[in-house]
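Once you've had a glance at the structure underneath, I'll fire off some questions.
As written, the chains take the letters A, B, C and D, and residue 1 is the first residue of each chain.
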Amino acid sequence: MYGLGLIKGLGITMKNLVIPSRQFNVYQYPNKRATPWDLAKINNSKPFTYIAKNPLTTIKSFVGLVNVEEKLPQHPNFRGEEFAWYDNRCTGCASCAKYCPLGIIKIVTGTSGVNSQEGQSYDLEVFDIDIGRCMFCGLCVEACPYDALHMGSGFEEAQYQRSNLVIDINKLKSAEKKPSTWFRPQLVNQGHDPISGDTADWRKVGRHEKPSQEDQSERWAKR
Amino acid sequence: MYTSFYQLIDFHSFYDMYYKIFESLGLSSSASWMSYLAAGGSLSFLAINLLVLATAFYTWFERRTIARFQVRRGPNRNGPFGLGQPFADVIKLIMKEDTIPTEADKPVFTIAPIALLAPTLLIITVIPIDDASFLATLNIGILFIVGITSVNSIAIFMAGWGSRNKYAILGSMRGAAMLISYEIPMALGITSVLLISGSLAMTEIVAKQDIWFIVVMPMGFFVFMAAATAEMSRTPFDQIEAESELGSGYNTEFSGIKFAILFLAEFMAPIVTSAVVTTLFLGGSQGFDFLPGQAWFVLKMFVVIFILLWIRSTWPRLRIDQIMGFAWKILMELGFVNIFLIAIEVAVLMDPVTGLLTSQDLLIMAAINWVFTILTLVFLANLLGKRNYDRPDPVPSPLANMQPKGEK
Amino acid sequence: MTGIRTEPVTVNLGPQHPSTHGVFRLRVTFDGEEIIDLEPVFGYLHRGTEKLAETRNYTQIVTLTDRMDYVASMSNNLAYVRTVEDLSGIEVPERAQYIRVICAELQRIASHLMATGFLLNDIGALATPLIYCFREREKILDLFEMLCGARITLSYMRPGGVFQDADQDFWNALDILIQELPHYLDELETLISKNEIVLARTRSVGVLSDEDAIDYGVTGPILRASRVKWDLRKANPYEIYDRIDFEVPIGVEGDTYDRFHVRLLEMQESVKIITQCITQIEKGSIRADVPYFIRPKPGETYQSVEGPKGELGFYLISDGGVSPYRCKVRAPSFINLTPLKKMMLGWKMGDLITILGSIDIVLGEVDR
Amino acid sequence: MISQGIASSLTVEISFWVISISTILSAIAVVQIKDLFRASLFLILTFLGVAGLFILLGAEFLAGIQLMIYVGAISVLIIFAILMTREIEISNQSHYMRILVSMVALGFMLLAISLITSTDWNLIDSRSFPQNQTDEIIATVQNSIPTLSKMLLTEYVLAFEMVGVLLLAAVLGALALVREKK
């Protein structure tokens, strides 16, 4: 019958309005409006004791004036900004620079003062990554033979000037290193989760030998 | 308590108050007309500001509700539950640069928003929010509403023409054609109400609704609602500013405070329309005693608004020729049929001496009308359904012949 | 001829217009509301992908293909890596092929969801179906994030396979998605394709006959909507499509309604394909041992896949070096735009938007 | 409340002067402004002013009808007609027949004035009636619609039907005009 589809459509929209599981997964980034129950959970106390202790905050949160920070849920595989670079592992081979489709990695090396023997390792003088032009394809990470360069997990790197978007060697050295598990099965095997704030030491991140086909299959393949 | 408060905001009390003030100032000779003006001014000021405030919160309500339908959250950042959002919007719009296109017809362009807002504001004057009217007891109340809304089409035309934009002109051409066409079914829907109530005054119409008119004549309600939806250009009739086709229609070139006024008028329309619908079909301020009449009125308005939003968030829009066809080919006929039916019923059932209809009469009419309405709608649906649903099974075209490589 | 003579109005629809799906411009001449002439103008998003490809090596070009049809990166990646594999004779492990097919079909669902949602938005449904579609698409994007760390510009495939195997999280999430998705698609169909207003707006509007469709070189759902049963997955099975059982849905007469209804049906078929892939997939290698710098022998090749929008083909000429001598893309969106005038003349302005929406163009691909 | 307004005679007088002056000014503007679109907008203003005068007279029904038909329908028709013409901004020009036209207009004006002055308007002066009849008259004036409709369907039924036939003819003519000729 004509017109029945219109009525059915109204029914579907009403269903989506009413059923909570139909709601879009909306994350109130960066701040979430917290209910008293949320607040109690955050402060590790039972809801009623929390409400009894903080009546003012409870009233505020009922009206919707209390915010707590919320991060967007990501997978540890997320290819993000803040490259994690380990100078202990880097030999300055510049594979990453060579493999980058945009050529935004700049590496200048000199002879090492520590390892005097030539060819053993180089001192890196410049290691710039211009993330203003980076498209986070991850080819540099894939190319690194010594697992020295890893993708990061951040995504809030807005700057006022383009020049600030260039990550130089000092920044890379001093940064808190939260490598993404992208293309790094060994980190997955260790249960590394950069999103919840796990940092990784340079000793942890490397593959000391190439994993065998069986190893990979055991770990990765379900079927 | 509420009655006394309501009587405080009343023309007479204002008049008396100002009269005393002017008398005490020693202006007793001219106190009469001065207090008349002052009372009217104060009352209008209150009414307009109340309406504007209501519209501001209505925008919030609309955005939140539609967001919920669309499984989103809606504005929830400014203030508790996002209630500060309308004020943020207004402040933003006022702060913005008010650009006028170089080629625009400047006076027309400037007056258009005001011309659109004024009629909508005027409608609220005759709507009885409780037993007494809020502002004026015009005995032509509903006729005044029909007349004053027709100014809208001119205002939309002024906006479109004044901005010298092709999209705007297209939008306003559509608008003028559509608004004029839908005035006829709307008037027909109103006429069927008038046949029973026997009066043009809104208070009388409310008083006559022993049985709500939506029960008595569902067809009239359907016709009026459809026409009113088109009159305020909401989905599925929002061709005037079909944002996917015309950008923004007649208000494409407007910015700043002019845009704010245009949108004020646009968002005021659902409030005003739902108030009119409540008065005509939902028994106005009638209700049970535990709540004041005003509260019932607002509650019914909210129900109407919610249904409008529900429809808006579900249905797409019709094409312009389909909209016009709907007005002239379906809605007008339904309106006429409804009027004939009601007229016959009224002529048969009405007490010839007193000219009144008892509630029993209304119930009899309701029974006849419901059966008739359902039959008509089913008939219409089947008539239309035959054309659109008969569709053969797909037949593959003989021109292409898809075979995997190697097979012959 | 009509009794009253009116003056035609020429309107520039775009490049900045809400319904041109990007920076596309249509110079339309209206007689009142009726279209009497139209001329598409594009190139506003030209980024020289084909030329850029000549200065990059074969692996790096994968990142360029992401940005062509940016709502269906997986399909672009697949088409490109298949061409490179054909050019340099690389054998792809079976598991990689299955994963690639799963990804391509997921991407097809995502792309079709977006196309349907935006079409409904063009018809004027105030974004409600659009957001229902996006809700489902978002789940697929979450899957891609688990798989390869990105949501839109994936760069997942490499010549010789895929760069990384699927995680356990991915398989679990995929199972849930496959269970839920048909139900949501049914609901979407009830909401959209049984709605009388949508029927009134789309039935018999912008009809493209089967002859015209073939003559204009149209491919994909638009071709199938015009009753032509032509699908590269069946006609020229690549990867492992020959082991999978699925239907090719076709339309009734080739109008706007058929064009989006075929997409709705195709999504159901894609779900079937993924279900079969999950049961058939086995352990194994996911990437052939391919050097980073591929140097194919001099020669040329053309390979194409059935993308969400039609036949997506890459034509590569190698001169033996690390980068192709010439790279030409057969972009389905671009070629599907050819019968625009045929479909639109004589219809109203509202139909113009609807027909354009039903073609489902992505300007990144049209202009490349 | 209108009655209270009438009681306050100075207010009525002020509004009468404001409305009538603006009506006359806008009527002059209709003739004098060259831009046709603006002229039509002034025409609408004139119609609105006339509606206001009707309200001041207590003929609210007429005012409503004036709003509905003249402001709502006729002026939009005029605007549509204007859109069909070319060179809207300069087409309200003076031309060589202006003297002739102004003389005819003057003649009509004199005729109207003479008619107005010579007619015995027979105005009802409510003060001259006894108290009990005044209420009745006020009731009739305030609720004039039943009286009007009764008169339309009894005394003036011929004129009413004529208007209906005229409108029907106009609709048919419009249809014949825009119909596609084969």
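By definition in this document, a contact is a pair of C-beta atoms (placed from the backbone, for glycine too) under 8 Å apart; a residue touches a chain by one contact, two chains touch by 3 or more.
None of these values were measured; they are calculated from a predicted model.
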Chain labels contacting chain A and also chain B: C
Chain pair showing more contacts of the two, A-C and B-C: B-C
Separation of chain B from chain D, taking each centre as the mean of its C-alpha atoms, in whole Å: 27
Chain centre separation (chain B, chain C; CA means) in Å: 43
Mean-CA-position distance for chain D and chain C (Å): 62
Junction residues of chain A, two or more chains touched: 2-4, 6, 9, 12-13, 16, 24
Interface hub residues of chain B, defined as touching at least two other chains: 69, 71-72, 313-315, 384, 388
Touching two or more other chains - residues of chain D: none
Partner chain A, residues of chain C touching it in the complex: 56, 59-60, 62-64, 66, 95, 128, 131-132, 134-135, 138, 142, 145-150, 153, 155, 163-169, 171, 187, 190-191, 194-197, 199, 278, 281-285, 292
Residues on chain C engaged by chain B in the complex (per definition of touch): 9, 11, 17-19, 30, 33, 120-128, 131-132, 135, 191, 195-201, 203, 210-211, 214, 226-231, 234-237, 242, 248-252, 348-353
Chain C-touching residues of chain B, taken from the complex the two chains share: 66, 69-72, 166-167, 170, 174, 235-236, 238-239, 242-247, 312-322, 384, 388, 391-397, 399-400, 402-405
Sites on chain B touched by chain D in the complex: 11, 15, 30, 32-33, 36-37, 105, 107-108, 136-140, 143-144, 146-151, 153-154, 157-158, 161, 173, 176, 180, 183, 200
Sites on chain B touched by chain A in the complex: 68-69, 71-73, 76, 80-81, 310-311, 313-315, 377-378, 380-385, 388-389
